[in-house]
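What follows is chain A paired twice: with chain B in the first complex and chain C in the second.
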Partner chain A sequence: MPLDNSSYSLALLRLDGRRWNELRRLSAQISTQAAADGSSYLEMGNTKIICTVDGPAEGRRGGAGGSEAQSGEAQVEVNINIAGFSGVERKKRTRGDKRTTEMQLVIKEAFASNLFTRLYPHSTIYISLHVLNQDGSLLAACLNATTLALIDAGIPMSDYIVACTAGSTSSYSANDENADPLLDLNGLEEQELPFLTVGTVGATEEVCVLAMETRVQIQRLEGMLAVGIDGCKQVKRILDGVVRAHGKEVLKKTL
Partner chain B sequence: MREIQLSLNKTQKIRLQRALEKLESLSSKVNANASVTIADSIPVSYEDGVLKGHGTLDLNGEVVATVCGVVERVNKLVYVRTLRARYKPEVGDIVVGRVSEVAPKRWRLDINYSQNAVLMLSSMNLPDGIQRRRTALDELNMRSIFEEDDVICAEVRGLQHDGLHLQARSQKYGKLERGQLLTVPPYLVKRRKQHFHHLEQYGVDLILGCNGFIWVGEHVEAKDDMVEDQVNKPKSQNIKSNSNSGTLEEQERTYTPIGTRQNICRIANAVRVSATLGFNITAEVIMETVDLSSSLKLDIHEMLGSEFCVLVAEGEAERRSINKKG
Partner chain C sequence: MVGLSLGEKHFIQGGIAQDLRSDGRKRLTYRPICVETGFIPQANGSARVRMGATNVISTVKAELGKPSSLQPDKGKVTIYVDCSPTAEPVFEGRGGDELSMELSVALQRCLLGGKSGAGAGIDLSSLIVVEGKICWDLYIDCLVVSSDGNLLDALGAAIKAALSNTGIPRVNVAVGASGDQQPEVDISDEEFMQFDTSDIPVIVTLTKAGRHYIVDATSEEESQMNSAVSISVNRKGHICGLTKRGGAGLDPSIILDMISVAKHVSEQLINKLDSEIAAAEADEDES
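The block that comes next holds the complex of A and B.
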């Protein structure tokens, strides 16, 4: 690990004191906003995200894909807004930012295939994500927050989509034979190490999202993927707890 | 509707907690046991045969929930009722909606459903009250009946091939004026015999739309005053332009006394408090909240404070425990 070559190999502790297979603290809330049909707030370590879901609602007129909106199933539209103050440096992101656009597309594709969109013809589901703070695992956090908001909106889906990241302890160039896989990278680790984002359908091993922007040696990939899928199972357990606690809260008030 | 953010102090927090705990102990245990989240399998006995309803899915021979909610069983039908979702219309529901578009021969209404609802010109009573074929002239004058952004009360007629149709074939339906529209989560409004409430002591109409749109407005007598209009004024006169021109007489007719306005606000705030706490909204619950607020001599704006909220929660717990015993 280039950041602190010595300490990891000695104590097998990462920069923030975690071991290789530990997640950061993951906490979430459901139904945080009044006006939206569904909403959630999710923290994955220091990555903080607000998600709101609007719809399924009649598609806005004159929007993109006017003919698409008349099809027999609901359209999913995703909009990600990354706050200027969310990163280490204050950065103004333009609307057509390629990375954001790609994340939007990935989220859209993942949920469009998982939701039962056929039940809502001629309508659109608007998902809007606001990134308040970013510290690694941005795409994974977005996917998790969206899942919770969609559950709150009461839109049927086959299973949760849960995601987390997995990396490898040494960079591509360092020809390290015994590189360990790592789970749930934070911002600093993401800058230095190769990593991938893996999303699964529920606690199964069915991968529905797999994104990787860095180079890694092929023999390390399998280990990373296995660790990532295992992480997804842990995430699913946590999200499940959040949903159940929320459901109990709502049910006790209504008769 | 959580636009009221409660900032409770410690005692209030504990009192609210206690009231909610009491509610929890009173709520039927069946609910708690039958709650499922996505991908939970629902136990069914296949010998009897089973009909899978909304919110369920057959996955490798198992019935699995696809939404988070409560399992309901009606004979062989198994379905999951979602905790919170958009409104799902049923035939005969009374809904309140807002006109989003005036289209040829129809209005499109936003009723918190996944599509806009359609109210055909032919499925409502004309202002002159005469039954006849709708002519092209009627179609041209549609805006004099309802305009964009008008609030309307109507009944669900059914799902046709081109969307959800509404009808308004009675004097009690139609445009709602001089009042407030509130939106609450639809699950808080249960379908009942009576959705129109005339609160006589306040001179206020309360309409609990099944879609979670609630209307609180000045009471209007359901009479054919439109017919008089038509007699007094020639047909070319546009009703809308009349009300805008603001003759003195007209103003007097549409004037709402301040007392009634305050009553409207008080009742609206009672609805807001109930919705914030997540209690089912019925006329009785709202009236009790209003009575509580006036017996405490609270100002209207004080009703949205945290203290009143806690009091309402305690009152509700009390009420339900009495109902349980009685």
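The block that comes next holds the complex of A and C.
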């Protein structure tokens, strides 16, 4: 089913009524799970994710880590669980699915370099993500949820890692010179259009995650990247608001 | 999972004996129940139920399938439970599999009736599209998001709420398909049929701690149990299923007593749940 872009060219609106540079509704909560050291619930449009963080704690694999466990910094372990009902079709993803493993690795690497792991030698930080509903920007939503849960767990980091996706209004094969960049693609748009996921450290323009699986002309890339980074700044503002609101709440309770 | 000191154990047991539990409830009082429906757009129906700190999600997904040759006039319903590592770190990897299995079997027993499909809370023959050829397969997936005891009752309530929230697309069968051919179908994306969920039973778990039994035990109270009986009761007051957990034996007269108590408690629970579901549906329509 080719994506109907006609509405775009007429009114410059997308399928869900957004303009090119608008994010979907992004809302989040912190400290949702009692059992974990840090947790968060994040909705990016219809993509819904629960994240919990446990640790830093002694590694669960007793000594199996060998040289890793001996190193002077904490290890980060990420586990993503995609619920069978989260997609359009019901399917049970097996553990060790390649896409899931790749996402785990990306998240792990991004946070391992951003957290101050040197403060916790010989220990492990467990990050567990549960995807309840997927509607595009899955990796970006996972990164944002993880940031919030890590903040809730009180693990020091240099700055927020925030992420969003950016795409282009026409497909690769259309070879359209005038294609505009788009911000924060939903599930339908992701199926049809080229897109990349970009993650930055805080509101700075330092890119720490960049992933793209689709084909796109190189001239368009610069625009997409710029829009993505701009989106990250917006996401940063929203997440910061969530954290501050939560902080005030906690303060009120203790007073 | 729950580490309690001797003093805390005595406190909990003493509270139960005096009909005043540590959170101020009586023995037969439920924690406040909060229902939220339709928040997983990818599913045909979904609900989230909170009972105190216990938080479970239930979703219903419908797919067209083929009825089994033994029961050509009935659709299929399967229940799966998944214990998320976000609820308890021990559920990571295969840690939650045993509990998931136990819960899904208990739920199937309580809600789906016997092997023949008789006595099921959902009318299985309503899932048939073309007899012997096409039926709806309902997959009920439950997720334990956080656990503070009494998972079975919460899951039962969540499934009931999710089924009330479920809309199955109406299917038009092309006429003229004859014989062994698989008929062609056209799934409507505008017309939906709803289930009659009034017959779906609720599950009441009575946990016996010391000489008394309580409903809606928290995980701390569950750690003190010697045995628990889960009874599923429908609106008419009929018993639809019964499971006993825990090693300690029970006197038959106590079991009969428990059943009559469960029947009484279930009336309040069904009414409470129905009003919560109605409120949740109204909320959803508004937003």
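As a working rule, the second predicted complex is superposed on the first by the 247 of 255 C-alpha atoms of A that agree within 3 Å, B and C clash if a C-alpha of one lies under 4 Å from a C-alpha of the other, contacts with A are read in each partner's own complex, and residues count from 1 in each chain.
Just so it is clear, a residue touches a chain if its C-beta (ideal position, glycine included) is under 8 Å from a C-beta of that chain, and two chains touch if they have at least 3 such contacts.
As the structure is a computational prediction, the values presented were derived from the model and not from experiment.
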Practice task
Record, for the superposition on chain A, whether partners chain B and chain C clash or fit.
Solution key: clash
Exercise for the section: Could you tell me if A:Ala34 is touching chain B, chain C, both of them or neither one (first, second, both, neither)? Expected result: both
Practice task
Using the touch definition from the top, say if A:Ile50 reaches chain B (first), chain C (second), both or neither.
Solution key: second
Practice task
Determine, under the contact definition given at the top, whether A:Ala83 touches first (chain B), second (chain C), both, or neither.
Solution key: second
Handout entry: Partner touching more residues of chain A, whether chain B or chain C
Key = B
Practice task
Have a look at where A:Gln134 lands relative to chain B and chain C in the superposition and call it first, second, both or neither.
Solution key: second
Exercise for the section: Kindly classify A:Pro156 by the partners it touches after superposition: chain B alone (first), chain C alone (second), both, or neither? Expected result: first
Problem - Segment of chain B intruding into chain C (one of 43-51, 241-249, 259-267 or 313-321) - result: 259-267
Handout entry: Shared chain A contacts, counted only where both chain B and chain C touch the same residue
Key = 33-35
Problem - Residues of chain B that touch chain A when the two form their complex - result: 1-3, 20, 23-24, 27-28, 31-32, 35, 37-39, 54-55, 57, 59, 66-70, 82-86, 100, 110, 114-116, 163, 187-188, 277-280, 320
Problem - Residues of chain A that touch chain C when the two form their complex - result: 32-36, 39, 46, 48, 50-52, 54, 79, 81, 83-90, 95, 126, 128, 130, 132-135
Completion exercise
Within their complex, chain C touches chain A through residues 39-43, 46, 53, 57, 59, 61, 63, 80, 82, 84-89, 92-93, 139, 141, 143, 145-148
Exercise for the section: Write out the stretch or stretches of chain A touching chain B in their complex. Expected result: 31, 33-35, 37-38, 55-58, 74, 116, 120-123, 151-160, 202, 240, 243-244, 247-248, 250-255
